[in-house]
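Two complexes come next, and they have one chain in common, chain A, joined by chain B in the first and chain C in the second.
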Partner chain A sequence: MRKNLRVLVALLTCVLLFVVGCGVSKDAATKPEGSDGAKQLIMALDPDYETFDPGLAYEVYALLVLHPVYDTLMQFEDNLDAPIDGIAESHEVSKDGLTYTFKLHKGVKFASGNPLSAQDVKWSVERSINLKGNGAFLTDGIKSIETPDPDTVVFNLKEQDASFLTKLTYNAFGVIDSKLAMENGATNAADASTSDKAKLWFDTHSAGSGPYVIESYTPKVEVVLARNKNYWGEAPYYDKVVLKAISDPGTQLMMLEKGDIDIAFNLGPEHVKQIQDKPGIEIKKAQSMTLTFLLMNRDPKIGGPIANPDVQKAIRLALDYQGMQTIAGEGSITPVAPFQVGFLGTLPPRDPKTAQDIEKAKELMKKAGYEKGFKTTLEVATLAVEGMDLPTLAQKIQNDLLQIGIETEIKTSDIMVALDPYRKGTQALSLWYWGPDYPDPNTQLAFLPGNPVGLRANWTAAMNPQLVELGKKAAVEVDKAARVKNLEEIQKMMDEDSAFNVLLQHARHYATRDNIKGTDYIDLYKINLKNVSAK
Partner chain B sequence: MLLRIMKNNFLFSIGIIVCSLWIVIALVAPLITPYSYLAQDLAHRFQAPSSLHWFGTDSIGRDVFSRVLMGSRISLIAGLATIILASFVGMIYGGIAGYIGGLTDEIMMRISEMVMAFPGIILAMTIAAALGPSLYNTLLAMAIIWWPNYARVMRSMVIANKENEYVEAAKSLGASHFRIFFNEILPNSVGPVLVLATLDFGNAILLFSGLSFLGLGSPPPTPEWGAMVADGVLNFNYWWIGTFPGLAILTMAVGTNFIGDSLRDFLDPRLRKEL
Partner chain C sequence: MGLLKYIARRLFFLVFLVIGVSLVVFVISHSVPSDPVLANLSQRNIDNPEMVEAFKAKWGMDKPLYTQYFIYVGNLVQGDLGTSIRTQRPVLDDLQDYFPATIELAIFSIIIAIIFGMLFGIISAIKRNSAMDQLIRGISVLGVSVPSFWLGLMFLLLFYVHFGIAPGPGRISPYLKPPVEVTNLYVIDALLAGNWSLARDALWHLLLPGLVLGSFTMGLITRTTRSSLLEVMSLDFIRTARAKGLTEKMIIMRHALGNALIPVVTVIGIGFGNLLGGMVLVETIFAWPGIGQYAYKAAGNLDFPAIIGVSILISINYVVINLLVDILYGILDPRVRYH
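Entry: the complex of A and B
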């Protein structure tokens, strides 16, 4: 239902675009110089922003906007392996892994001209903690923050956390100009979740020290970023960045071909095929961190025969991964366990040609006592994941499972309806997708028995204590080599015994005009707007 | 009579031909489909129409021609079931309201007007979404938005008929209300309701296709025309996925409407001579 609403919105957008066509092409991006001589980058995307308050925003595209506006202590450059220093000049981790000390760059000013000090960092993080927004869980491990001098920030943690530096790259840790923010109603007080009145101000203004400031925001239309004249680092190439909200990929494609935009960000594999040989366009492909997986409930009262671990393994062996990758589009892969390729310690993906073994799957079904098969329901939400229609994939799975005698009836529902039984763990067999909460393998440990996602399949800690123990170790291990060893061991164990079957790690397809560079995909930011420039 | 009307009315003949064709197709569909409507072939997905696949193949390599043929069964059943269910409920409801009359009539008819006041498709969407998408729930939702039309017609017929002498006669013979209603009034009042039902058949098929386009029909992989058009919208580059089921909906809806319109003209004495 939702997707069809989107089609309607897309059609309306088309009409709208047609009407204002002349106006749009005036600041057409084919000419890097806008009408007033300013260098301008225009990107079209299907955004999900709800707010640009760094203490509250936690949407997929939040960091696309907030990363170039608010500096963070740590940041990512090219890959998600290890974060590097951002506004911190250097950092130090104590031996026990509980104290992180950061030295800030000297002489940094906010866009407003106010100087940036350690006090601002402390204030911003405390505000995020007290606002209790969707991303506030990232700050959970912090015991206290100290500022011994204006250039030093010290974080004391409650317990060791191997992913702490990665968490620091999020906008929840973005450094806010506390003086300016307080003038506009912000507070870091303990009751900030009710007394802070700055959310609306933050949506159309910014108080950061990054290379850009938010110039304007019109919901469902566009966000305009303008150059921060007081930026402390190397100045970005563009004077202005316009992020246009265009939900329909077909419209994005058309605008890119005409040269009205520089980047069309939400294309499916089928759209990309249409523009393969068009001049002036560069097609980009990257590994997305989004997974699509099968949830198989371990509670016999809910799952029935599905709850049997042998049946779950049989399902894993019965599926045709090559076919599923065809449906998901070029570049999609199948990880062994719920750990994405691109993260530290992830095993190489399955070979789609050999991963299917019907004979062995049938043997396992026999062992489990279901030689003749059984009937069950496959629940799926009606939406598209990275351009792939989930119900279409469900029909493929239905077809594959029939080969080992499992007869499934597909039950589709709107995402808002489907989320509830999924979170409560009352679905026997269902098809879901997952994006990491933060770019570190620790976020994937949620799939382990007894952890939040594991419990959605009623996979309790008691069912595999060895795996639980290993997960606990991996979460706090600060030594890289030891952590990789733990993570690899977890994946091997989950290949043998798991209530989840990872089907796909999707590919991300998008396209840019070929006269710009620095548009490589990085899952956290999508595109690091700081780095984009003309060729 | 049929042949006489057909001879004089071009649109009616077209409607009859198209609809009979679809009914025949629906009856023999499993025998004439070249492929199973469920058979997937990922190596041959998105194939354009050819001699192998007359209507091409869809996103998981199923034969669109076979699916369109099989889809005729669901559309016909959906149209028929909705009309039967709605007219049955409407006749009973309107009959009771008209027969009892007075305050009961007022209350019952205001309730039916409340249902009619809602925009039909929105109400049907809400009901179907609340009950969960399945063929039965969608039919139920359609019947719920449709019955007041029949109730109104039935009520006015009953009110007109209950004053007739034969009703008085039955009353004076001591017949029960039940007997009077079912044996005397009902048989003399159903005619116009049945005509209305015939006229509505095409609209019911159209509404059903609309709901299944919105994902409120039977779950996949049922070959519903509306759902297939929705699939075509998802894969817009491949025109054949949505076009052929769309044409199927068009022909069936236009065909039934031709019949319905001609029938109405024929039964309306003022227009009758034009036939």
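Entry: the complex of A and C
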């Protein structure tokens, strides 16, 4: 026994020596990289990006990386109300709303030292069009691009588009150093979707004029941005920004607590509670643009009783929005229609305390001829939206609907399986989520009757022509006041008659070390890295 | 010579195995009632028939299934695993990026598992039914039964956050730059670059995930070593050795252990194969960019080339490990012949 103990002790000593021996390096590790005292920001997130080719990237976190790397003609600063000039010094919209003229800042150079000209803008947008990537639809309305002089770009549109300036904030319109990109296999030719060979180069290099350049990218590990020494604007505070891929929120939280990272970006409401009183940490809350909604099919052959507009209204009134907001976490709200709070012209959200009216809902059920209720199926994908489990919310809806006699059987399936019937419009009642394609209310018009999402509920244009007409007007109206009026009217009408019931606009929770600033949330970029600095 | 022939034959059959695996995975993954177009295109592009057609043409999905498979196998025999739909990089490049992280962790874990597992197993067998035996058996049962993601979280909370004596998640400290890529095994690459402190940091970061992953295999090895050793110790030749007056230590080390090792080696082989297959949850908790996470994302996106690529890689792992185990049998027991 004594011998065995000796061996055990020896082994444990070895382990201890290993731990202590390697632990020595910890001191070296906690020092910022480089002996020159380079300032480094470390952000942890659960990234979805697969490429940093501005012509192809269209993932949720793409612009977090690409916005500080590629300048765009227009950009957002503090809110998503209206875009402001980016690399454009000024812009002008023709009276008919079909021609947009941009004057570029003079003397701008790319990180490579090459001068930036209107030709680069034209080349970059043409490349995005021809690459046919996921973000290419943003360029759909463009008829032609002209460059009358090196500092002027003119976009001619096929038809009026109230959201055109907003679309220009996307990386599909990011200005690429065309000379450098072509040297590395890029092309703007019509067959670029097959002949362009620069994707892999763009993943680990960059060709922009923004405040940072991509220094390195290791998939699932990190992206390192380094300061662009040729940047034309005010230099950012940090020499380097390291975006660490850490998918587990609990892990992000631990690393933030230890001070190993500066920003933990993917926290849920329950994580925030854990760090509420921890010193050195600042908790941030913001409104996400993600919606969770109920789809109620308008086709009686598919929806059965659900297809009845009175039943759909009764469902809207029967739900306990306060309870749902508790499930989704603090900061979540319930918009009256599929238009996110934060967008131009969105009405104030529902008051969760008064939005539920069981008596009125029962009356509507009676009016529809379903006083005794009915049975139906509620389809839901097994996934979490902004930290909230969709099947959990489905159970809440199941309980709420029982109060007006609707007995639902919850049918769960994998998202990849559920997408098919959703897109084909064959679900009677289903629970879904939605993130805007671009930060403009025009993207939400997809929910209107006859439009792509509307048709998933078989809500055809003929079912509400007035709403369809109003939607068409709002899509092209360039006068801000008139546009707001149209949008407000659309939401009021959808509150009365809609195949969709918006349940939640989620909140975004994240946390930073309290010695940094400039980390406010903006849905498009998540965090505008250029603005982050030490306090 | 017999051994070399045996190895050559086994490796030759590997070719058929790879093609068989690719066929099975191809059939299964294409039987899933969902559409890779929906999984990989944005909502707007799905609404645009031109974009859907372009996507299908780009990834060969406009061709009949059997044609798609024959094209795949045609490329496979030339060493081309295709291009991942999700990452749009050659699958082989992706595997070269992700697999070394898994190899590094798997080797470290299996070393921990072998050292502690065998030692605990031997002590446990020698001190059968003693308090020490009970303690070790308890530890090994815990090692096998405690979920590794829970153990990982607890280790991080205790040793990293609370006591601050262990490293945090990731392959190296977040402030450090990864070594220049040679093998993509960070410890080796850092040593090759002569960066001793980075090598120590990388080794240090293997500690917690290595212990967590190793604990399961360690439990198995402990139990197998104990039972196998107990069985051997009851055989006649051990009684003879005792009668000859050999010390207990000599009996175990010279006579019993070698004979008891065959089932242990089998367990080690299976354990190592499992570790090389990647562990999604532990990789997630420790922010470890291994093959498990890659496979998980590939499956979620119906990224067929990546799914088949990972399956082939894992099946090759098992074949090679089984081959090594078979060779070890021969070394441990000269009676084993290769045919």
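By definition in this document, the second predicted complex is superposed on the first by the 499 of 535 C-alpha atoms of A that agree within 3 Å, B and C clash if a C-alpha of one lies under 4 Å from a C-alpha of the other, contacts with A are read in each partner's own complex, and residues count from 1 in each chain.
Everything that follows uses one rule, which is that contacts are C-beta pairs under 8 Å (C-beta built on N, C-alpha and C of every residue); 3 or more make two chains touch, one makes a residue touch a chain.
Owing to the predicted nature of the structure, the values given are computational and were not obtained by experimental measurement.
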(Q) For the overlaid complexes, name the partner, chain B or chain C, with more touching residues on chain A. (A) C
Q: Considering only the touch criterion stated at the top, classify A:396 as touching first (chain B), second (chain C), both, or neither.
A: first
(Q) Contact-wise, after the overlay, does A:374 reach chain B, chain C, both or neither (first, second, both, neither)? (A) neither
**Q.** chain B versus chain C as contact partner of A:327, first or second or both or neither
**A.** first
Q: Would you check which partner chain A:40 touches, where first means chain B only, second means chain C only, and both and neither mean what they say?
A: second
Q | Which of chain B and chain C A:219 touches, first, second, both or neither | A | second
Q) Counting only touches as set out at the top, which of chain B and chain C does A:409 meet: first, second, both, neither? A) first
Q) Should A:420 be classified as contacting the first partner (chain B), the second (chain C), both, or neither? A) second
Q.
Contacts for A:250 in the overlay, against chain B (first) and chain C (second): which applies, first, second, both or neither?
A. both
Q. Intersection of chain A residues contacting chain B with those contacting chain C?
A. 1, 4, 7, 250, 414, 417
Q: Name, in rising order, each residue of chain A that touches chain B in their complex.
A: 1, 3-4, 7, 250, 270-271, 273-274, 320, 323, 326-327, 382, 384, 389, 391-392, 394-396, 398-399, 409-414, 417
(Q) Please output the residues of chain A touching chain C within their complex, sorted ascending. (A) 1, 4, 7-8, 11, 18-19, 21-26, 28-33, 40, 42, 50-51, 56, 58, 132, 134-137, 193-194, 199-200, 203, 218-221, 224, 242, 244-248, 250-251, 254-255, 257-258, 260-261, 414, 416-417, 419-420, 423, 437, 452
Q) If you look only at chain B, which of its residues touch chain A in the complex? A) 38, 40, 42, 45, 59-60, 125, 129, 132-133, 213-216, 219-221, 230-231, 233-237
Q) How about chain C: which of its residues touch chain A in the complex? A) 32-35, 38-39, 41-48, 51, 54, 58, 86-89, 94, 97-98, 115-116, 119, 123, 126-127, 130, 132, 153, 156-157, 160-161, 164-178, 197-198, 200-201, 203-204, 207, 284-287, 289, 293-294, 300, 302
